[in-house]
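Okay, handing you the structure first.
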Amino acid sequence: MSRSRSNRLRHQARREWTAYAFLSPGLILFTVFTLFALAFSFYLSFHSWSIIEPYKPFVGFQNYRDALVDPDLGQAVINTAYFTVASIPLTMASGLLIALMLNGRIWGRSIFRAIFYLPVITPIVVSSIVWKFIYNGDYGILNYYLERLRLIDHSINWLSDPNLAMPAVIIMAVWNNLGFAMVIYLAGLQAIPQHYYEAARVDGANSWQQLTRITIPLLAPSTLFLLVTSVIGSFQVFTQIFIMTNGGPIGRTNTIVYFIYQAAFQFFKMGYASALSVLLMLMLGVFTVLQLRFYRIDYGAN
Amino acid sequence: MTVTEPRQIAAARPGPPPPARRHKRISPAEVVLLVVRYVILVAGAIICIVPFFWMVSASFQHEGDIFSWPIQWIPKHPTLGNYRSFFGSGGHIGVWLANTTLVAVVTTVAQLFLDSLMAYAFAKRRFPGRKWIFALFLATLLVPGQMTIIPNYLILKHIPFAGGNDALGQGGHGWLDSYAGLIVPAVVSAFGIFLIRQYMVSIPDELLDAARVEGASEFRIFWSIVMPLCKPVLAASAIFTFGYFWNDFYWPLIVMSSPQHYTLSLGLALFIGAHKTAWTLLMAGSVIATIPVLVVFLIFQRYFVSGIAMTGIK
Amino acid sequence: MMTKSSRRWVAAAISALSLCTALAACSVGTKPGTTPAGKASPHKVSTPTQKVTISFASWVGDQPAMKKLYAGFHKQYPNITVTFNNIPADSEAQKLVTMVAGGTAPDVAYMDGGSVADFASKGALVNLDSYIAGSTVVKKDDYVANFTENAIYNGSMYGLPFDAETTGLFYRKDLFEQAGISGPPKTFAEMEADAKKLTNPAKKQYGIAIFGPESGYYVQPFVASAGGQLLSDDGKKAMIDSPESIRGASFYTGLAKYAPPAYLNSNSYDGRVAFEHGEAAMYIAGSWFGGSLIGEAPKIRDKWATAPLPQDKECATQVAGDSLVMFDQSKNKDAAWLWLQYLSSKESLRTWNVGQADSTELPPIKSLLTDPNSFKGKEWLKSFADMMSCKIITTNSPQWGQIQDRLNSNLTKVVYGKMTAEAAMQDTQKYATRLIGG
């Protein structure tokens, strides 16, 4: 008895050791390249630095104080939250819908999948040119069809109206990212054992019940992944929006990361940029922890 | 749940499960559903393809036509001139393509392997500190990626024994302006680890325990049992990783200086001047740049097929 | 894309960290002193006797004219090899900052004039006064004063202007004819009247394109023309809310009611389609705009013309351009100077600006600007050259970037009717005073 138990313990210890071995390459790289950068960003957020000169006076919490009283930054936080809350559910839902439709045997499946993935790989420069055509207030395609369908009676200036610019950008972002959600869900759908559907059908479940009782719950790991990475991504969105609206009108589509860039690069205020980054990471960290707690990170398929 | 043998075998074949009853005739409701499905797909596809279509069209146009009004979706005066400039003399696109292919392929392969290794540890192995280390890796996603660029630049510059550096990393230029500088920092990604881990939790533990009881090493279990079951998520990861590194701009911008090391995105960015962009050339270059990513997608998406993965075999 | 001076390409954030051990820069360091301006003693540079390689960062290295210039240079100085480090235009400043921070700065660079003061004020560039004094090729007095504005910091030349442009007026002759207007406006009043006449929203036609995101930039010539200033000449005092400045700003923002609403949130690069499609009959931009029109809209080639900006009290414009600079980290300063000097000779400047058929830049020296041959085939550029001595706004302060950003957002609010021009200028004045004192 005791010998097999000690064998088992030895096996267990060895297996645990292998887990660490598996993790070592990542841990080393992480320590060298990321942790170091993080630590120094934190260090810099308490200093003032123009990057080009070595002069780096200590300024305590001044950078943080400046950040918290800046009304434009506050607006950017609101904009980013608006963008996040609106675009993520839409993206995930449409991605799921398309994935479900393209999962079964359907003619042209591969081609459709590729086409729905195209927005993800179309260069942002190209997408922005075409979407500006679409949204153009005077000659845009969207206004043209809306007027034809008599849904509006005069042209709408999508990108230059302070209240419409963000919705316009959100629609474009959903378009841009649903291919990504589609791929995640397509992969996740393959992890659901087919015999579950079999058994459900035998038990008399219809398609809707199969969807809500089997598919969606078993896609939870994918959904969690999408949720966490999308929130992180949308808090860091910048080019996608800026290239369409220059952050306007009147700052209504500015995002937090824009201010980080501006501070670091335009104004040579590296310390301030670092403080902004730290604040952003704190915000994101809180949200991510909340999401993981909510989904209980150990959630596995049962 | 008891499943009879024949049904189980049927479920193991790729494709949707056979219907419980054979219908002789498809009901009108199903026809309507099918039509609705196709309408949505076609409408969505049209919206998704428009900018890509414009890009391709523009790559065959002259500069004077590209922004004319109304938009020429089909070029009225098509030209091959833009493509000819790329492949003619003085064009560097061969070099750019070679560099980008090298970086993207090596990084993707490395990531697929290393990320899976680590995902497996997080998904299927219990060890002290598991939650904390995983959270730490997730934390790297929170960093505005750009914040790591200058520090990483400096780290690369001071890698000991590289690029003319001594043991303390002084004197030379380290891994700057080299392929190692582009690839090494990128071989592990928290994103990829998280993605693959989420998929791996769906693999039944019984499968792995059975193998452990038989004395298989962890690595063997990982490589021979888990990885084949993960084909769909590995395919997804390959698509994302390849696409990301194929199009990456900022990291090559910072690391590379010599023209012979430039990647495609860097090279194409040179066509964007301060106030004048060579649009038609840029569009031709972008079409060339987008095709490999599309090809990779088409190749790997065939793994998104039911039946490759879980069947609950005991 | 915005104009050079107001465009800053946001790069992947540059969080600057320095490796303490590597750079020994953990110490706080000392604040850089200012080099007193004054007569510089000539520094004579001799041809190197051994082989030397210098690096030249730019986004124009691949252009045939630059290759031609290098061929001539290498022939004259076979011992000096120039390696071209080509960086995309929008990312150049960001990459240069990274290189300086990492100690790998190039020897020389071709950079946007607006960035020179940023780098010079932080000690990254070499003061060129003594080199210029010792050179027989570079003639300081031949440079147009306005065009050296960007290259001067603290009274010394830190850059050599290589190409330049001014801001002027583009207008659609055909639309003017239709409205019965005989020629371009010459005064503020005429411009407003013309814009009003040309505006017919039902037909989607408007008098002039105005862009909120760049309002803080394009308002400047109008402030100058009204007799105002934004900063004092030494950059230590803000004068944004003077009556003249407010007058200029009110005029400029007042034109927004004759501007196509669809483009109010666009910029002067993306908004070019408004002019090309005839939605805006007038367009304020630098000479680069002509290049876009010629290349992308050949069908309207004979339908547009250029004119100096309309004046209030005196003629005014704004300048932009690119300068050649030398980095302090260079280990081969003499060889680097020889390359800069070669590029700045009259012949080279002629090759670069006049010789390139599709270049819309002006040569920065008087001897070329007053030569009529310089405008063969580019007659429309003359309006821009004519403004070379007009009044400009000087913004000699390292904090100007932040002040202009504030001015941009305030004037955008005016354009959108959320603020009066007066309030906008007063708020910007308060902000600027807080930043620079006085």
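All chains are identified by letter, namely A, B and C, in their written order; residue positions are counted from 1 within each chain.
Please note the rule applied: a contact is a pair of C-beta atoms (placed from the backbone, for glycine too) under 8 Å apart; a residue touches a chain by one contact, two chains touch by 3 or more.
Bear in mind that the values here come from a model prediction, so they are computed numbers and not experimental data.
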If you count the C-beta pairs in contact for each pair of chains, which pair comes out on top? A-B
Which chain has its C-alpha centre farthest away from the C-alpha centre of chain B? C
Whole-Å distance, chain A centre to chain C centre, using C-alpha means? 37
CA centroid of chain A to CA centroid of chain B, Å: 16
Taking each chain's mean CA coordinate, chain B and chain C are separated, in whole Å, by 40
Shared interface positions of chain B, touching two or more other chains: 69, 144-148, 150-151, 155, 272
In chain A, what residues contact two or more other chains? 36-37, 40-41, 51, 139, 257, 260-261, 274, 277
If a residue has to touch 2 or more other chains to count, which residues of chain C qualify? 11, 13-18, 23, 101, 277
If we count contacts the way the header does, which residues on chain A are in touch with chain C in the complex? 36-37, 40-41, 43-44, 49-58, 72, 132, 136-139, 155, 157, 159-160, 162, 165, 238-239, 242, 245-251, 257-258, 260-262, 264-268, 270, 273-274, 277
In the complex, chain B residues that touch chain A: 1, 3, 7-8, 11, 15-17, 20, 37, 40-41, 44-45, 47-52, 54-55, 69, 71, 114-115, 117-118, 120-121, 125-128, 131, 133-148, 150-152, 155, 184-185, 187-188, 191, 193-195, 198-199, 201-204, 212, 217-219, 222, 231-233, 235-236, 239-240, 243, 247, 272, 282-283, 286, 289-290, 293-294, 297-298, 301-312
Along chain C, where are the residues that touch chain B in the complex? 1, 3-4, 7, 11-19, 21-23, 55, 59, 62, 83-91, 95, 98, 101-104, 112, 269, 273, 276-277, 286, 288-289, 291-292, 295-299
Partner chain A, residues of chain C touching it in the complex: 2, 8, 10-11, 13-18, 23, 25, 27-32, 93-94, 97, 100-101, 118-119, 122-124, 204, 212-213, 260-267, 270, 277, 279, 398, 401-402, 405, 409, 412-413, 416, 418
Can you tell me which positions in chain A touch chain B when the two form their complex? 15-16, 18-20, 22-23, 25-27, 29-30, 32-34, 36-38, 40-41, 51, 97-98, 101-106, 110, 112-123, 125-127, 129-131, 133, 139, 175, 179-180, 183-184, 186-195, 197-199, 201-202, 218, 221-222, 224-225, 228-229, 232, 236, 257, 260-261, 274, 277, 280-281, 284-285, 288-289, 292, 297, 299-301
